[in-house]
Amino acid sequence: MIWQLDIIILIIVVISAIAAITVKDLLSSAILLEAYSFLMCLLWTEMGAVDVAFTEAAVGAGISTAFFIGAIYQTTRRTKD
Amino acid sequence: MEVISSIRPLLAVMVSLIAACLIVLTGERARNLRELWTILASVSKFIIVASMIPFIIQGKTLEYTIISLAPGLLLQLRVDAFGLLFGVLASTLWIATSLYSIGYMRGLNEHAQTRYFFCFAIALSATMGIAFAGNLLTLFVFYEVLTIATYPLVAHKETPEAIKAGRKYLAYTLTAGVVILLASAITYRLTGTLDFKPGGFLAGHASADMLRFLFVALIIGFGVKAAIMPIHEWLPTAMIAPTPVSALLHAVAVVKAGVFGVLRVILYVFGPGLLHDSGLWLILAYFVSFTIIGAAMLALAQDNLKRRLAFSTINNLAIIILGAALLSPSAIKGGMLHMANHGFMKITLFFVAGAIYVKTHKENVSELDGLGRQMPLTMGSFAIGAMGVTGIPPLCGFISKWYLCLGSLEAHEIVFLFVFLTSAFLDAAFFFPIVYRAFFKNPKEDVNPHFNEASMFMVIPLMTTAVASLVLGIFPNALVHFYEIVTLAVQNILGG
Amino acid sequence: MITHAPILIIVTPLISAFFNILIGLWRRWLCYPFVITVLSACVFSSIAILDTVINYGTIHYKLGGWTPPWGIEYVIDHLNAFMAVIVSFISLIVAVYSKRSIEQELSEKIVYFYTIYLLLVTGLLGIIVTGDVFNLYVFLEIASLAGYALIAIGEDRAPLASFEYVIIGTVGACFYLLGVGYLYIVTGSLNMTDLSQLLPNLYHSKVVLVAFAFLMVGVAVKMAFFPLHVWLPDAYTYAPSTVSALVAATMTKVGAYVMIRIMFTLFKPYFSIELLPVTTVLGWIAVVAMMFGCIFAMAQSDLKRMLCYILIAEVGYIVLGVSFANRMGLTGAILHILNDAFMMACLFSVAGAIMYKIGKRDIKDFRHLHRKMPFTMAAFTIAALSVIGIPPTCGFFSKWYLILGAIDAQQWIFAVALMISSLLSAIVFFRVIENTYFEPRVPVHAHNGGTHEEIKMDEAPLSMLIPIFIMVAGILTLGIFSGKIISNVIQFAVPASF
Amino acid sequence: MTIEFKDVIIQTICRLLTPPIQLYALYVIAHGHYSPGGGFQGGCILGASFILMVIAYDIGEVKRRMAEKMNTIFCSLGVIIYSGIGAICLILGANYLDYGILHKILPVNPVRARALGTLGIEIGVGIAVMAVMISIFLNIASGGEHEGALE
Amino acid sequence: MGTIEFIISKYNYWIYVLLMMIGFYAMIAKRNLVKKIVGMNIFQTAIILFFVSTGSKKGASIPIIQNGHGDVVSHAVNAAQYVNPLPHVLMLTAIVVMVSTFGVALALIIMIYRKYGTLEEDEIFEMSEILRLRK
Amino acid sequence: MRFFALIVVLITGTLLLYATVDMPDWGDPYSPANTHVSPRYIEKTIEETATPNIVTSVLADYRGYDTLGETTVIFTAGVVCILLLRRFK
């Protein structure tokens, strides 16, 4: 646990979270969400939660992004906010 | 006082409930069979109720516990003298009314007759339940059932006015229902019981303020159905209902249930002692006296016959309550007797109104000129009923009014004597013009002067009740021992 | 096998849900009888549990054989067993009812529908019997997911309503999870019994206060308690009638159950009553909920939507009973959970039967319906009277105890509010009854009886009528037997300190 | 949606990658006792290998390898394995999911039986998760039509 | 306790609250349905972060016992050596719940899009009114 | 609406932040969460379940029932997607 590293990752996490909800393109939003999940993975690995990180990597950054993109293909990329 | 566990009270309640189910199942397809159920139920109900009279006269109490709800709180039927009085009254008059209903409904070829008879049977069940209720909660349960069962009867005609009347009726009675509910809940928490006890059970359980609140709440709650003056408005409006409904329900079952409830509250919940000590009786008495005079005045102004009868009912109901409120033995006795007697007399009057309507479609007093010649039996019965209500001997109304006047003297409140006398005078003032018109005035337009009565289904019941009120006037103890029962009830209350 | 009854009640529908898919792939028509059989077994085992609890007291069942703070434990006392009986019974009845309308609405997907149905029942039962706060969350999510799906297959705006429900429901579940997390960080335990022993030392910790708030808010979302009810009217209106009958009858009640658990088992009554003004706040919100529900119900012309608002008011009743924090009030609340489950299931089933038959649900279109569907409308009337609180239907008896609770708590305003809201609901329901039974006629002097157009009786199918009438019978008898229910079950479910 | 665009490179790489991914997934499931991972993660990766195939080829390709009916059966089979193992414990006389009792039917001591029971349920979870992930993805990506491909 | 220590000891919680607020805000304020789901995801992940933080221990290693093959205890295990595994277990479940909710929500979104042809809340309401009038 | 949302979010956030004051420090090995229940998992996993990965042993054994619930959740999600989206021809 190195808190300096931790805090840097946390800040990036926050930035990507904000970006994910503000960006005007849903596909970008999906990718940003993936980045968010992946950074979370890093954070958890660093806290010792390897299993959670592994799961999040497989699910949050992998499968759910696939779902997300699939859904966007079925619907629309457009968003007003 | 010996208590016997018996299933008879339950049977008396269930009989018409079963009949109601049979009526619905029979339906419109077999009308005669459907009417047969009604008559069978009414007769058997009367037999069951009558079979309880000997027990009561021997000073016993019949009891049937349906189920226990909570400690000290049972759903219980208990037949005491006062309850039996009401039960006998309702079951006797139901026989007459069911015959009359058949004549009336068929005479007018009414719609939705199955619903009508169904609701009627349910209402009678509820009335019987009210009469035999052993405690306030049971009374309330049946009271609400009565409310709901009579609602379709009030709105039976399904005209906009009828529906409006139904709404008004519901608004008044349901509001009253919740007030009673609150009051009885408070009573239950204060005393841990709700069982009626002759002479009251509330004494020593509540503060003066709480007593006052409970008294007002309970009187208002039951007073709505008893049509005490500021909250009487629904009753004249509800006269839009078919006449048998007005006859049985608004002269006997519903309003009497209200009066019965008020009397139960006065005599069996609070008790004469408590009321006398707290001085609440005087307030109630004045209030009710106002109703007596006010209703009689308003009755004078009505042209619609049934509305006039309705205000007369309000007047008489208040008289009964005043009797109980005076708390003296004779007054209570008079009140209770008047409850029974008024039932017989007023139902006659309503039957007459219905018969006139079926035959001539006339509803207003001003149209009745010369009707006595066309319908002598009907109008003769009307005259008997009217005289009875006014209190002319030898009709039964006289006896009860006599006791009431005696009671006001016993209570040392001369003012109420004058109330009774004024009321009798006003009764005469609004009834005798009708009789006079019917028999002695010549009709303006051409009316069939020949003998032309309504169907026998209607005439026989109304004559029976008229004769009954005559018989009860001469032999107050005839047939169903009203006088004896009342005396017993008063003894229990004041002795207990 | 009776010792394993607590787990069987969950595992039976759970495993059956999995098998249901396989059976459905093989022979589709087998699903319905299979589901009925399974749910009957559920009812049977829940009654067995209730019987055991009444005779031998609380049952503890260690899952996986691990002792409680380490493993998950099922703790079944009178309250759980009672709730389990209600939920399993209602779900059986509604499952019987579902046959025709589901065949009509979802012919292709019956298999999946019943699978989800069983999972929903599993989730609800799992919430009820568990003694572990996190396990509760898991089952809450099962129930919620199943609920989202079942609502979404409805008509009109159902997907949108369901989506709103997903969002709000997830917020609720997340709040609950946050509450659990906050409790966990200061106690290190997830077991309810263990927590209730550990927490009293920490009652003044800010973490525990916030945890309590979040747990309550999370549960309030699930039970559609007043300010958080926004998802309910849309969701239950557009859901298929079967589903709204099931979820309206059980989901909110289970939420109420969880609230009672949190307030009086997880936290001691001392905390919820004396330390915080929880009960006062809850009471006032509940009063607002009652009034709001009834008044909004009055404004609706759509029968199902009207019932939804009534449901919100009913939830208010339950919470009001809880907020009195005395024996009578809580008795009333728990009794009302039972009664309301029956009433709501009955009312929504009736609405479903009407929609199945005439395809409309606007109250204006109900004219003459009592001649077309006399039995259905009779059932509606009785259930409506019960909601209003007319004796001898069961609704009256719970209202009686609620009023006694208000009196014991010296909350006169609440007692009056109870009455006003019951009068308001009378207006709501008599509007429908009037509209159905009475046809405003032109006042004609000579009554022309029998000339109005003949309307043939066209009743709902028996598979709908029988369940409806079982519920009506329940409404009529439960009230009468409320004394027995209270003396045998509910009085033990109320915390002993009351 | 018909396929207009076929990239040979992507398809070849996918074809080459899929077996190692699946092998790794199986490893993750089986080795969950000793290293991070387990049924859920392994199942996800297994599912992802099929999703990769959808992305590279089309849905038909996946359905050729894993028929929809088969997939649905796998969905419930996985969970049935899990709850079935629990039920076996129940039948053998212990509480639900008390794997220790499995030593009655397995030639190991109770503690080892627990590990084996754990392995069993991990396999069940893996199967279920894989099938469910494929099913959800196919439904979402094709809008329930189960045909076409992502472009 | 100095300010720095205080911040260090709590900042993790603060950041998680911040993330949660971002997600929560997106859930209730964003009008695009997909954005709501994104917010939901952020919210849930933030909670997971919180749970994982509760289980961390300074100077502890990942929760896998070293040299621990078989059921024989080769050496006494000290609880302080390993990170608390319980929150991890809970969060595995929470992640699964998260992805399930995510899947269901996406399915609903596709249904909504099929029906109304848009994902903006206000446009959907307009469309649904139009559809209702058309009926 | 946005303003209202902001208020709600801020209130929630403030409440949560307010509670963090009383929380044990991050990474404190002696916090209740780390000392009450979990030590047994760490210390006994080998002898009770023969699984060195504590998370797996807790997940699948000590709290196996949660995992059954979890698997059911994912199964539910799968069936839900079929129920909602799948169009059978």
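Labels A, B, C, D, E and F are assigned to the chains in the order they are written; within every chain, residues are numbered from 1.
We take it that contacts are C-beta pairs under 8 Å (C-beta built on N, C-alpha and C of every residue); 3 or more make two chains touch, one makes a residue touch a chain.
Computed from a predicted structure; not experimentally measured.
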item	value
Chains touching both chain C and chain E, listed by label	D, F
Centroid comparison with chain D (C-alpha atoms), farthest chain	B
Comparison of E-F and C-D by number of C-beta pairs in contact, larger one	E-F
Distance-maximising chain from chain E - centres being C-alpha averages	B
Distance between chain centroids, defined by C-alpha means - chain C, chain F (Å)	27
Centre-to-centre distance between chain F and chain A (centres being mean Cα positions), rounded to whole Å	18
Computed distance of Cα centres, chain D from chain A, in Å	24
Chain A-chain C separation of Cα centroids, rounded to whole Å	38
Per-residue overlap in chain E, given as positions that touch at least 2 other chains	8, 11-12, 18, 20, 24-25, 28, 53-60, 62-64, 69, 71, 86-88, 90, 92-93, 96-97, 99-101, 103-104, 106-111
Two or more partner chains touched - positions in chain B	none
Junction residues of chain A - those touching two or more other chains	1, 50-51, 55, 59, 63, 67, 70-71, 74
Residues of chain F defined as touching chain D within the complex	47-53, 55-57, 59-61, 64-65, 67-68, 70-72, 74-75, 77-79, 81-82, 84-87
Chain D - residues contacting chain C, complex	69, 72-73, 75-76, 79-80, 83-84, 86-87, 90, 94-100
Touching residues on chain E, where the partner in the complex is chain F	8-14, 17-18, 20-21, 24-25, 28-29, 53-60, 63-66, 68-74, 76-82, 84-90, 92-93, 96-97, 99-101, 103-104, 107-108, 110-111
List of chain A residues in touch with chain D within their complex	50-51, 53-55, 58-59, 62-63, 66-67, 69-71, 73-74
Complex contact set, residues of chain D against chain E	34-36, 40, 109, 111-112, 115, 136, 139-140, 143-144
